[in-house]
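In this document, chain identifiers A, B, C and D correspond to the written order of the chains, with residue numbering beginning at 1 in each.
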Amino acid sequence: MTSSPSETEAAVETEPQAHPLQEYADGVADAVGGTAEIQFDTIKVKVPNDAWVDAHVTARDQFDLVFFSWLSAIDWCNEVEVGDELSEEVEERFELLTTLGDLTEGKRVTFSTDLDAKTPVIPSLIEVFAGANWHEREAHEMFGIDFLGHPNLAHLYLPDGFLGNPLRKSFPLLTREVKPWPGKVDVEAMPEKPTTENPES
Amino acid sequence: MTINSDTMRHLSEAQVSVELETEDMTLNIGPQHPSTHGVLRLVARIDGERAFDVQPVIGYMHRGYEKICEVRTYPQITTIINRIDWVSGYANEIPFIVAAEKLMEVEVPERAQYIRLILTEMARISSHLIFMASYPLELGAATPLFFALRERERVLDLLESVTGGRFHPNFNRIGGVKPAAGAGPTMKKTSQDLPANFLPETRSAMDRVMEVCDELEDLVAGNEIILARTRGVGVIPVEVAAAYGLSGPNLRASGVPFDLRKIEDYLPYDRFEFDVITGENGDCWDRWHCRLQEIRESGKIIQQAIDDIPSGDLLAKVPKLIKVPKGETYVRAENPKGEMGYYLVSDGKDGPYRLKIRSASFSNLSILPWVLEGVLVPDIIAIMGSLDFVLGDVDR
Amino acid sequence: MAMRVKPPPGLGLIKGLGVTLSTMLKTIFLPHKYLATVNYPKVKEVPVPRARGVIALDQEACTVCMLCARQCPDWCIYIEGHKEEIPPDEPGGRVKVRAKLDRFDIDYALCMYCGICVEVCPFDALFWSPAYEYSETHMGDMLHDMDRLQDWLEVVPGRESIEQGTYQG
Amino acid sequence: MIELLTDLFSNFWVSLAGKLALVALMIPLIGMALGFAEIKLSAKMQARVGPYFAGGRWGWAQLIADGIKFFQKEDIIPTAADRPVFKAAPMLVLVSTVALLVVIPFGPGLIFRDLSVGVFYALAVSSLSTIGILMAGWSSGNKYSLIGGLRAAGQLIAYELPLVLAVVGAVIMAGTMSMSGIVEAQIAAGFPYVIVQFVGFGIFLVAALAELTRIPFDMPIAESELVMGYLTEYSGFRFLFFFLAEFANMFTLSAIAATLFLGGYWLPGVPESVLEFAGPAILLGKVFLLAFVMIWFRWTFPRFREDQLQTLAWKWLVPLALANIAVTAVLKVVL
């Protein structure tokens, strides 16, 4: 641990001793002005909202992370229509993620930034990585994130006129709404005897 | 009357200026078209035989897997994700399972890892053989299709004899591989290994695959027409390929020896000798040839793995009801089509909170507008085919 | 690969012609060895014993525990059952309570053939069989009821063949 | 009885009707025989069984069943189509094929019409089918068809020239343009012209493949690019016309090649007295040999690109054919 105290705090939570990638991660985080965290061999560098594009330029030019792997988002949200609720309360936000890699040693860094849950807006990466085009279109239609400077934020997957952002947690999954779960049916109980041999689902 | 050179030049210029005024035509290739591998649609503006401003339209096969995975449990998700790229269904399961194992910190038994590796390489061979089959077809030669598919059938039969599924094996479990691969009376509780003569038969099947590689090379590689159609067509330089996230053989054809099998540790590839195949120019020919060579390399890996496959358990000790602890990780693997990765976000439940699926074909296809600018109509097909995408992998 | 000797023009074309011609002769004269396809309705390929073709149900073994219906990712298994009392074998013995299966349907139009139901069944009531010829002209007919599923039990391969298990076709 | 028949057939109209009936019968028969050869041989080249169901053994009735199926189909004409042209195109293609049969000598004296400019006639008529293809492509009201039709037109211009120039060598050697005259000249010379005119023969074959729009020159159809090219909008019996015409055209062009370069109905060593009966069989044998080569090419080679085809035609075949003519002419004068 040779990094500044603020970064060490973030990293130390999951990794008791220094991960072999820690130094590299801290180097990247320092250069882009963010904080690094290593979870299960995945370097995640959290950058502030306004340093988003600059961070990618720096990563590409200084750290040779030229390979644009993907861009997507996570909807952190306490109220959910589909799936399970979170085990603990979180701050409601969108977390935007990109993963860059280099083409020599196989280093990869996931960059992350938090977006406001009400009005998620972020500058587009399309000038830095041409491949961000489709990924941003996907994130736009799936999460409703606006990418400033993107030339064409039309629907990529969904038909024109589709309303809503399917990957938001508040978007109900219709196939699970219209049909009752067959597993709900229970064996008819004996009169006045509750069923006991139902295993937990 | 004498014509001096000035007059000649004048005349030729005049000819240019009175050239016929032509009108561009919008050609809609797909979504139902013989060589769009499913339901890709290209909207191209063409001037004669030359295409400009080609815009791919995708989404006709979007099945919303990322959403569906949020309401499925971990064992259920493997059934879905091997339908993403159905040509190499087995290989799709690996990165997801490895990601979940990472979060659970499960140690996978050696034998299970070797079985995974052998089957992954078999999936790679079958996927590349599909490309060997379909690519000449797109250039007009129908016969290589049957040669390649015949061998693919052999490989798929072997894959099926282990997993029970030809396309959708659903064979990996968190902590190893499926303990009971089929079912028969009283088979359930006993652990069930590879079929008795699977390994020797795989060995001979690999020999046969090598033979068919030679056959395909004779039939296709030396063919002057194929060379004329593919050499120098659809050249993708490394920088552009990287910026668009091109991966797998498409990236290596541009000359980068970048293979996740050598870099990541999701399967014990470091124990085997194999070469990373690279191309020279990044054209269609290189992409074809890279894949052909990769079949041979995969065959080599399989032979080595059969040589020293250890005996032992197939499944680590895992709880019956799988709950993955809180955490996030990204695991990527070298799939036949390229980098396949899963960003798994778990919050401690029996299903993921969010599963981002990074599929290779999606990024591979996104380069189309760039690479198809100003090419001839036949080359659209040649270039598109050489990228070897599967629409299920694009649309997810 | 570095030094490629340039072959004479046309050699590749001739090589290709050689491959197709030799295949043709081999296929015509040695069909048993080289023919890749079979005359399907007349000759049938034998699927591997582990192939996931169709699910068979052993009604006797089923205890209506609903595990399969709950674990099914597609929700394509429909089960109904009721409890009944079995009179004691000998007078004075305990009255046994047993779950009786009333309905067990698998909708093969929805089924993804993942095999989770077979795996989770704790009482060996579900089995895979490699049988595959049960296509229907109407989608509704793809719903197999419990009697039809019971019939599939006849084509479940034995333990021996599953352990041997490679293809015979 | 026989006199009666000969009398009857000496009548111009009766003999014309008889010849017409023969041609009308020949086209579907030849088309089916070659079509069947193609599907069966291609299956064998790809290690497949091929059709085996229709007609019992070997699926010999497959194409008859196909024909019946085509006639049962609804006759669909697209709304955007130019109806008269759309309807005329398949007929024109078939007519050009039938017209070609006229000048092919099947034996000594066995020829529908021995024109003194037979070669010229054959080459002129054979290009009619390309006009038909252009018409089909234009009238379908489909962009793929249009591109296919225009490609066919480009191909016609590029390949008509080598086709004609390739024949000139044989014509110079024979000193006549009559088809039967050329065969007789080969009989007189005692060897088929392919022995000296192998360059011309090769160019003729390549150009004939392009004329037939078969792989490796099937850009007008190019199913992986243009769906089915000019055939995209055709269905039912109109499609059947194209289908028959393709194979009948294969037959006629092979027959012309056999006549000009391979000695036609004559085989070295066969006494001339039996040629009258054996001639058609010999010619058919040669035709099937050439057709086999075409089928073989088709199932081995991929397709050229349109610009590469033009390059091949103008930069290679035309100069080669011209050189061949020059050499032939010089040798003819010198020897």
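Everything that follows uses one rule, which is that a contact is a pair of C-beta atoms (placed from the backbone, for glycine too) under 8 Å apart; a residue touches a chain by one contact, two chains touch by 3 or more.
All of these numbers come straight from a predicted model, not from anything done at the bench.
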item: Chain labels contacting subunit C and also subunit D; value: B
item: Distance-maximising chain from subunit A - centres being C-alpha averages; value: D
item: Subunit A-subunit D separation of Cα centroids, rounded to whole Å; value: 64
item: Where subunit B and subunit C are represented by their mean Cα positions, the distance between them in whole Å; value: 26
item: Averaged-CA centre spacing for the pair subunit B and subunit A, given as whole angstrom; value: 25
item: Distance between chain centroids, defined by C-alpha means - subunit A, subunit C (Å); value: 38
item: Sites on subunit A at which at least two other chains make contact; value: none
item: Per-residue overlap in subunit C, given as positions that touch at least 2 other chains; value: 13, 16, 19-20, 23, 36
item: Residues of subunit B whose C-beta touches two or more other chains; value: 143, 146-147, 150, 219, 223, 225-226
item: Interchain contacts, given as pairs of chains that touch; value: A-B, A-C, B-C, B-D, C-D
item: Subunit B - residues contacting subunit A, complex; value: 58-59, 62, 64, 66-68, 70-71, 102-103, 238-240, 242-245, 247, 251, 256, 258, 260, 262-264, 326-330, 332, 339, 341, 343, 345, 347-349, 351, 353-354, 356, 358, 362-363, 366-367, 370, 395
item: Residues of subunit D touching subunit C in the complex; value: 41, 43-49, 52-53, 296-297, 299-301
item: Interface residues, subunit C side, partner subunit A - complex; value: 63-67, 69-70, 72, 75-83, 85, 97, 99
item: Complex interface listing, subunit A residues touching subunit B; value: 14, 39-42, 44, 66-70, 72, 74-75, 82-84, 86-88, 97, 99, 103-106, 108, 110, 129-131, 133-134, 142, 155-159, 166-167, 171, 173, 176
item: Subunit C-touching residues of subunit B, taken from the complex the two chains share; value: 72-73, 75-76, 78-80, 83, 143, 146-147, 149-150, 153, 157-158, 160-166, 168, 170, 178, 180-188, 192, 195-198, 201, 215, 218-227
